[in-house]
Each structure stands twice: as C-alpha cells, then as structure tokens.
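My questions will all concern the structure given below.
Lettered A, B, C and D in written order, each chain numbered from 1.
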Amino acid sequence: MQTPKFFLKIKSSIENFLHNEELKRKLYTIIFEADTKAGKRFDVLLMVFILLSVLVVVVESLEVVANRFKLVFQVFEYVFTGFFTIEYLVRIYCSPKPKKYIFSFFGIVDLISTLPMYLGFLFQGARYFIIFRTFRLIRVFRVFKLFTFISEGHLLLKSLYESSRKIIVFFLFVIILVVSIGTLMYMIEGTTPNTQFTDIPTSIYWAIVTMTTVGYGDITPVTTIGRALSAFVMLLGYTIIAVPTGIVSAEMVKGYKKQAQKKCVHCGKSGHEADASFCKYCGESLNDL
Amino acid sequence: MQTPKFFLKIKSSIENFLHNEELKRKLYTIIFEADTKAGKRFDVLLMVFILLSVLVVVVESLEVVANRFKLVFQVFEYVFTGFFTIEYLVRIYCSPKPKKYIFSFFGIVDLISTLPMYLGFLFQGARYFIIFRTFRLIRVFRVFKLFTFISEGHLLLKSLYESSRKIIVFFLFVIILVVSIGTLMYMIEGTTPNTQFTDIPTSIYWAIVTMTTVGYGDITPVTTIGRALSAFVMLLGYTIIAVPTGIVSAEMVKGYKKQAQKKCVHCGKSGHEADASFCKYCGESLNDL
Amino acid sequence: MQTPKFFLKIKSSIENFLHNEELKRKLYTIIFEADTKAGKRFDVLLMVFILLSVLVVVVESLEVVANRFKLVFQVFEYVFTGFFTIEYLVRIYCSPKPKKYIFSFFGIVDLISTLPMYLGFLFQGARYFIIFRTFRLIRVFRVFKLFTFISEGHLLLKSLYESSRKIIVFFLFVIILVVSIGTLMYMIEGTTPNTQFTDIPTSIYWAIVTMTTVGYGDITPVTTIGRALSAFVMLLGYTIIAVPTGIVSAEMVKGYKKQAQKKCVHCGKSGHEADASFCKYCGESLNDL
Amino acid sequence: MQTPKFFLKIKSSIENFLHNEELKRKLYTIIFEADTKAGKRFDVLLMVFILLSVLVVVVESLEVVANRFKLVFQVFEYVFTGFFTIEYLVRIYCSPKPKKYIFSFFGIVDLISTLPMYLGFLFQGARYFIIFRTFRLIRVFRVFKLFTFISEGHLLLKSLYESSRKIIVFFLFVIILVVSIGTLMYMIEGTTPNTQFTDIPTSIYWAIVTMTTVGYGDITPVTTIGRALSAFVMLLGYTIIAVPTGIVSAEMVKGYKKQAQKKCVHCGKSGHEADASFCKYCGESLNDL
C-alpha cells in the first residue's frame, strides 16, 4: 500500500528535519548570533517587530485611534503573534540544549511575550502582557555588538549588588519611617473637616509621596502642626536621599579602583596599583602576557 | 492551721519561680536568642504578631472596614495586647539584669508598644502608639541571623554620625535660608488679592516645599517677581542637595578605605593598604593570625 | 562760674568714658568673647532675644493673632529694637578697631537688623528687614564653643568654593537650556485654547519648575508633543542633577584626603599618606613636634 | 570708453577688498580674538546685543506688552537682524579658512541665529529660532578671558563623556521600566470612572513624572492598588537616582586623580602620585622641565 509508505516518508522527513544538525547550526547562527550578515539582518528585523508591536499596543489605547482602526490593529496583532510564535518555536528547534533556552531569562521573556493574544481569548486584560516584549529590547545590545555596553551594565549591576545589603537596611528604615509618619499624620489631620487624610493607608501614601520629594499635591496638610510635620518630613527626605547615593557612589569609586588593578601572570595575585610595572608579591614584570 | 501552710506553700512556690534560674535560662534562650529551634520559632511568631498588629491598626482606619468589623478589631486588639503584655513580663522575668533590659532601647520600645490599649481607656488617640510596634521589627535582623546586615547598618550609622556635624551646619544654613526666603515671599506675594501666601509661617512652609523639590503646588506664586524668586529658590535647592550627598559620599568612600585596612598582629598598628602582605611598620607578615 | 566747670566735668567724664580702656576690655570680653561666665550668659541672652524677635515677626503675620495683640507686638518690637540698638553702640564703643567691626560681615548684619523699626516710620515693608536678624544666629556656634563646627563649616565652604567654577559653568548651561526649552514649549503649547503657557517668561518658569523636579503642577502640558518634550526635560533634569552632586562629592573626597595629610616639621613638605611614620622626602620622623 | 574703466575700477577695488590681508587680519583680531582693547569692546557689545535680542523675544511674548509696543519690537528685530547679518558676513570675510568657520559649531549657531526674521517672511513661528542666539552666549567665556572656565567645562564634559555609556545603559533600563509601569498602571486605573489615566501614552507620561520625582499632580492614582504601585515607583525613582549620580561622582573622583598626576619629562610616563618628587619608572626628578 502506498499510504504507509507516504506516512513513513513524512515521518522520516520530520525526523530528518528534527535531527538536521546542519540546518540547526545555520538557524542558530542567524537567530542566536549576530556575527554574520544574515544574523545581523534578522536581529534588526526582530528589533523593528518588537518596537512595532509595543507601539501598536501603546497607540491602540488612544480612544480616537482605537475606534477607527480596530480591524487594522487586530491584523497587526495576528501578524506579530504569528511571527513571534514561529520565532519562539524555531529558537527551541535550533537550540543545542532546548531546555536550557526555555528556562533561561530570555526564554521565559520570549514565551510570555508571545502568549498575550492566545490568553486574550480566555480572559480580558491578558493582552497587556504584550508589554513584556519591551524586555526583549535588551537584545539590542547584542545586535550592535555593543559588548562593552554589556560589560558596563555588569559593572553597574555589580555595584548595585555589592551595595544591595546596605540599601535593604536603608529601605527597611524608610518603610518603618513612612508607616510611623503616616499614622502620626492621620492623627493630626484626620479630624479636620473635609480632610484628605481619610485613612492610614492614604496617609502612608502621602508620607511616601512627600519623603521621596515627588509631591503630587493631591493630598496636602492644612493644619499648622500638620504642615510643620510635613516640612520636617521633606527635610528628612531631602537629606536621607544622600544615603543611597552615597552608598552607590562609594561602591563605584571602589569598583573603578578594582577595575584598574591588573593581575600578575606569574603569581596570579591581583590588587596592584594602576601604575605598577612589577608585581609587588613576586617581583616579576606585570606587563608579560 | 492549714491556711498559713497553704500561703507559705504559695509564697515558696512563687519564690521558687522567681529564682528558678534554669527556667529563666531556658526562657532567655527562647525569647532573647535565636540560635535554638525554639528561639527561632518564637521570633518568627513574634514578627508575625507585630506585623499583624500594625496591619490591624492600618486596616481599621479604613471607613468601609471599621464600621462592619468593629468587634473583630476589638478582639484582635485584646489578643495582641495580651500577648505583648505577657511577652514583656516574661522578658523582665528571665532577663539576668532586668533593669538593664527595661531601660534599654528595645525595653522602652517593648513597653510603649504594649501600652496603647491600656492608655486608650484613659484618653482617645493613645491607641495610635501602636505604631511604635513597627520599631520592634528591627528585631527581624536577629531572627534571620543577619549579623552582617547589622554590621552594614552600623557602617551606615557610623558614616552618618561622622558626617553629622557637617550636616547640622548645613541644616542651620537651610533653616536660616527658608525663614528669610519665606518672609521675602510674604512681602512680595502677600499683598496680591486671593493670595495663598496668607502669613509668614505658610510662606516658610512654601519655601521648604520648594527648596526640597517636593513641590505640592498647593501654594504657588502668581506675580512675575514671585515666580522669579521661586525659580531662584528651586535652582538653589537643586544645587545644595549636592552638599549632604557629597558629605555622605565622601564619608563612605573614607569608611570603605578604613574597612579594607588590616591590623598587624605583631606591632598592633593598623592602616595598611588593602593589598599589603607585610606590615609596613615592623616588616612582619600581615597574614599571621 | 559753675556752668563751664560743670560742662567741663561732663566733657571730661565723657572723654574718660570714651577712653576707659579697662571698661572697654571688660565689655569686649563679655560681648565679643564667650570664654568667661558673663560672656557666655550675654551670648545666650542675645540668642534668646534674636530668636524671640524673629518669632514675633513670624507670629505677627498670622491674621488671627495680629488683630488681637497688636499692642503687645508693638511693645515687643520697641524692646527688641532698643536692646539691639544699645548692643550695636556698645559693640562699636568697646571694639579696639571700631571701623573694622562696622564694615565686617557681622557689623553690617548687626546694623541692618536694628534698622527695621526706624525705617518703618519712613516707609512700609521696611520692618521685614527684621529677618536679617536670623543671620545673627550664626553666632550660636561661638556661644557653645563649637569651634570644630566652624571648622566643619569652613571645610564645607572651601569645598563649595573650590568647585564654584565648575558649578558656574553648569549653571550657565542650565540657564541657556531652560530659556531654549521655555521658548520651544511656548511654541508648542501656546496656541492651545485656555493654555497655561501664556507667555515665554511663564514657560521658562515652567521649565525651571520641571527640570529641578519641583513640579508644582500649576502649569502642565496638555498636548501630546508638549508632554513628550516635558518627559524629556524631566529625564534630563533627573540626570544632570548628578553633575553638581558629582562635583561636590569629588571635591569633598579630595578635601578629606588633604585634611588627613600631615606636614613634616623637618623639611616642611606636606602630602604624606595618612598612615606614614616617616617623611618620604627627608626620612625624618613625622611624629616629631 | 570710461564705463569699462569704471567697472574695472570697481572690480579691482572689490578684489582688493577681498584680498586685503591686512584689513582681514585687523578684523580677525577684533571679531575672533579678545586680546586687544578693540576686540574686547566688540565682544562686550556683541554680548549686549545677544542678550537684548533674546530679552526682546521673551518680553514680546507678554500679551500686555506685545499689543502696545508692536512697532518698537519690529524695529528692534530689524536692527538686531541687520547687525547679526553684517557680523556673520564679516566673520566669513575675515576668517582665514571661511569654510572651516561656516561648518564649525559656532558658525552654524551664528547662521541659525540670524535667519529667524528672514524665515519669518516665509512661515510663522520661524522667528522663535531667535532662541538659538542664547547659544552664542557661550562666547562670554572668551570675552572675560576665562580660559580656566573653559578647561573646567572640558573636564565636566569629559567626565560626562567617559560615563556616557553607563548612563545610556541606565536610560535604556529606565525607558523599559516606564513603558512597563505605564501599561500596568493603565490596566489598574484605566477602568475607574473619570480616570486621568485615559490611555497608555498618558500613563507612561505619568510614570516619568513620578519616577523622576517631579510629581505635577495633574494625573494621580485614586485606587488603593494604583497608589501602592505608585508608592513603589516613587521609592524606585528615589533610589535609582543614585545610579547616575554615583556614576558621575566616581568618574569625577577618577578625573581629579588623573589631573593631579604629573608626567615625567625623562621617560614620558605619567601616573605618578600627586606628591612624588622622583619618577617611579626611571628615577629622574619629576620637577625638571
């Protein structure tokens, strides 16, 4: 019979496809790398698609636009979702270790950014997951081969990580402060007629708005004592903003110094002054490579 | 007679209880320390109770909630106060030096945070002392054995303490400035019809709101000269915010350097460079312990 | 005749008074110095008078208070002016070089802060010069013998002075920026009906309010392009605030380092590391005095 | 015939004028340099004209003024444009390399700042290009021979340039953040009746206003969850402002150090400590010139 043969053919061709290492390698170079001409082109195209898909969501929310071009946006959304779905599947296909990709940061971001439309059939609002696509923009650094940019980013993140414990202590302090001040303010202003400090959560919200020097002005004290406390909170916030800044600055000054220090190829010890010519531990030249 | 015997028995059992050093030690390990399993459990329970008691006060202030569940909150408050009262008494009981505990920072915070309900019978508003309970959250660091966090906090506080004199000088300058600017603004804007600068304290409040870059917008200048002065105050505030930040940053850079310096075990002198292997004062190895 | 004799007596006693060096020295120790008990007492009294006189002006501006206690404030003002006038005259009298005092910073501040009431007879509003009295509070540092505070203040001022040229360049840049942005915004938003950007000065005022992150909200853009420019200005202001902060921080780090450096008594050269024991230029001990 | 001779005369006098190297040199010293008395006078005059022309545009926008003195402003504008046109032509004339001047930064600024009135005949609004004249104020530094100021400016710009890559990474992060937060906020607050979060661009605008701590208050959250997110955004913005500040501070500390380092005239190596007397690479004196 022909049918089994036909099915076998399909089966074998699928298997061939699934194990076509050369195709996989080719696709991998295009999709995951940016060294070849085709790879660069693909990455630029991807960037454009991501930016467009984000733009469409943003523009669609405008009332004037939404009513008129409803169909256009629907079509756009279908196109983008189709493209991103295929791209996601191809990425899994050509990845040497598919599982590693799926559970990597970019793997998860890629998945979430293709889901919105599918989820949109099930429940409303899900389509706003589209905004996860913005995270995909981080890939832009690779496209333009801005490796140094990535290293800059790493230095930034390292400085933040190194100072994270100090910043957590600082935040716990700030949170205890705003809860206390919010409650105090509720006691002071809460009894005034037509007060804007209607409850403690609102007062805590006010304390945060004031201490971070945002100052919307939607909730403002009207009593003299409330204003005095308010002024105190402002001056406090104005001063303690110096703390995280000081932490990060000091960490970066330290980071710069470390970055400048070379490593001796003879004894392996680092920590030399930026201008040293000889290793201070073993006396060998630092400029040997 | 039996009665005296009975009373004696009670008296002796109370005395036994008061001098039961083993029980005291056991309770001390549970309540004051966090090294044992029981101690950890107690601390976590305490954290939960503190957080809940603060949450109850915050939620209760919401009008929608307060009217419906008045009784529930009352019961919660009785439970929390009961728990904290017993905890406070047990802390005094099992403390080796009760007086030292009572007058310590945490002792006073513990007392104030149990009082609100009792004081609430006497005068209204006292129950907001409950917010002092948030300060008890500082204990959280001990629970999770985050000793390093405490040392980070110490470094922060030390940096702030070291720079406190400079910051006080800065604040005196800021206060003289806002009083002067407030008065000047009252002279400029105070005569405009329907002005928001109704008196000098209000104008000083405005000056603080503006200089700290909070900018509520509840009081804004309307005259051209008032706006010009206002713009000057903003630029001033925008610039002098650099001063406390600069102070704290410089102090922290200094603090980091000190922290990195080792102490020689041979001659006892500290102040070595972070990467030195030998003491620069006596020539002995810095790595001997 | 007796009259000439009587006049001569007066004349001589006035001359005696004017040249009574001992009295002068005594008064000088009390008024200008704060080392003796009497000197301290006088300085504290002066502080209280200055604070009270400022407080009176501030409180008087409150409408509720002003109408009721008009006479009380009048009396207060007479007393303060009398006291400060006498104090000013005595300062001139007992000063060894009166001219130097009169034209010194404090001399001018002392004069201006006694004038308000006298000028008040001539033209209204002059009485607000009273606020100059706040500057006299700077004397507080001397009262409490906070010499170190003054040195802290000097270090602060020196850091600001050293970085003043950079800050001036920064400000020129900011001013050119806000004028340009203000004009641009007037072009964009100025044609909208009921716009708040009524003219270019108002738009420049808005640009300053926005760039310094004050954000009153009395003038806000409503068009899409206006909001986009506005967002750009905010991000710009948010970033360039780093510049003066960076300048002052760097200057202070430098200042700290200099402060830590000792001076060699043998060769007179300074610039040693903070932990050096021997002069690196001449090899002599740095600890010799 | 006389006519050709007459034309030849004109032609030769024009050619003489165009190649009059002495006149060119004289004009160049006056217009481009500020070392001679005439040069200084010209520069001060130019500054006054620039400032006046900017002031006229600013003042003209005031409604009260514009209607009354329309003709006066017209005349002013003709005078300024005439002056700047002649100045521009003379600059081209006396410049040794006219093309280089025309396409230099100042050359372009000079051209744009003379064009507004001419373009004003063609289309409205063009006259606001006048504001480009403010950029010409940068010349002020040369007038007062503030060369050191220019070097300060260079150091500032260099610090900013060195840290520009880090700041770009930071900005990409901020932009992704505000787009995400804006969309999230639109989902949360957008369904509330009479909401101010009418569409996603508006919500992104709100996110920028909040994160930069500007806080106009024209758009504020009203739901509890919206306020909670809002508070989070504020605290985030309050903290991450530390990042650019830290970057610039660290860069400036580094810049200062480099500035302090001398260069050895013997071996050409730089990187000596600020207080070194001898080159640490070749041992020769650093003070030889």
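Details
Assume contacts are C-beta pairs under 8 Å (C-beta built on N, C-alpha and C of every residue); 3 or more make two chains touch, one makes a residue touch a chain.
What you are looking at is a predicted structure, and each value in this text was computed from that prediction instead of being measured.
Looking at subunit A and subunit D, the chains that touch each of them are B, C.
At the interface between subunit B and subunit C, two copies of one sequence, fewer than half of the residue numbers in use are shared by both copies.
Of the chain pairs listed in B-D, A-C or C-D, the one whose interface repeats that of A-D (more than half of its contact pairs identical by residue number) is C-D. For the pair subunit A and subunit C, the distance between mean C-alpha positions equals 46 Å.
As a whole-number value, the distance joining the C-alpha centres of subunit A and subunit B reads 32 Å. Shared contact sites, meaning residues of subunit C that touch two or more other chains, fall at 201, 204, 213-217, 237, 241, 245, 247, 249, 253. Under the stated contact rule, the graph of chain-to-chain touches is complete, every pair of chains being in contact. On the side of subunit A, the complex with subunit B involves touching residues 165-166, 168-170, 172, 176, 179-180, 183-184, 186-187, 190, 198-201, 204, 210, 213-217, 220, 224, 227-228, 230-231, 234-235, 237-239, 241-243, 245-247, 249-250, 253-254, 271-272, 280-281. Subunit C makes touch with subunit B in their complex at residues 54, 57-58, 61-63, 125, 128, 131-132, 134-135, 137-138, 140, 148-149, 152-153, 155-156, 159-160, 167, 171, 174, 201-202, 204-205, 208-209, 211-218, 237, 241, 244-245, 247-249, 251-253, 255-256, 274-275, 277. Listed in rising order, the residues of subunit D touching subunit B in the complex are 213-217, 245, 249, 253.
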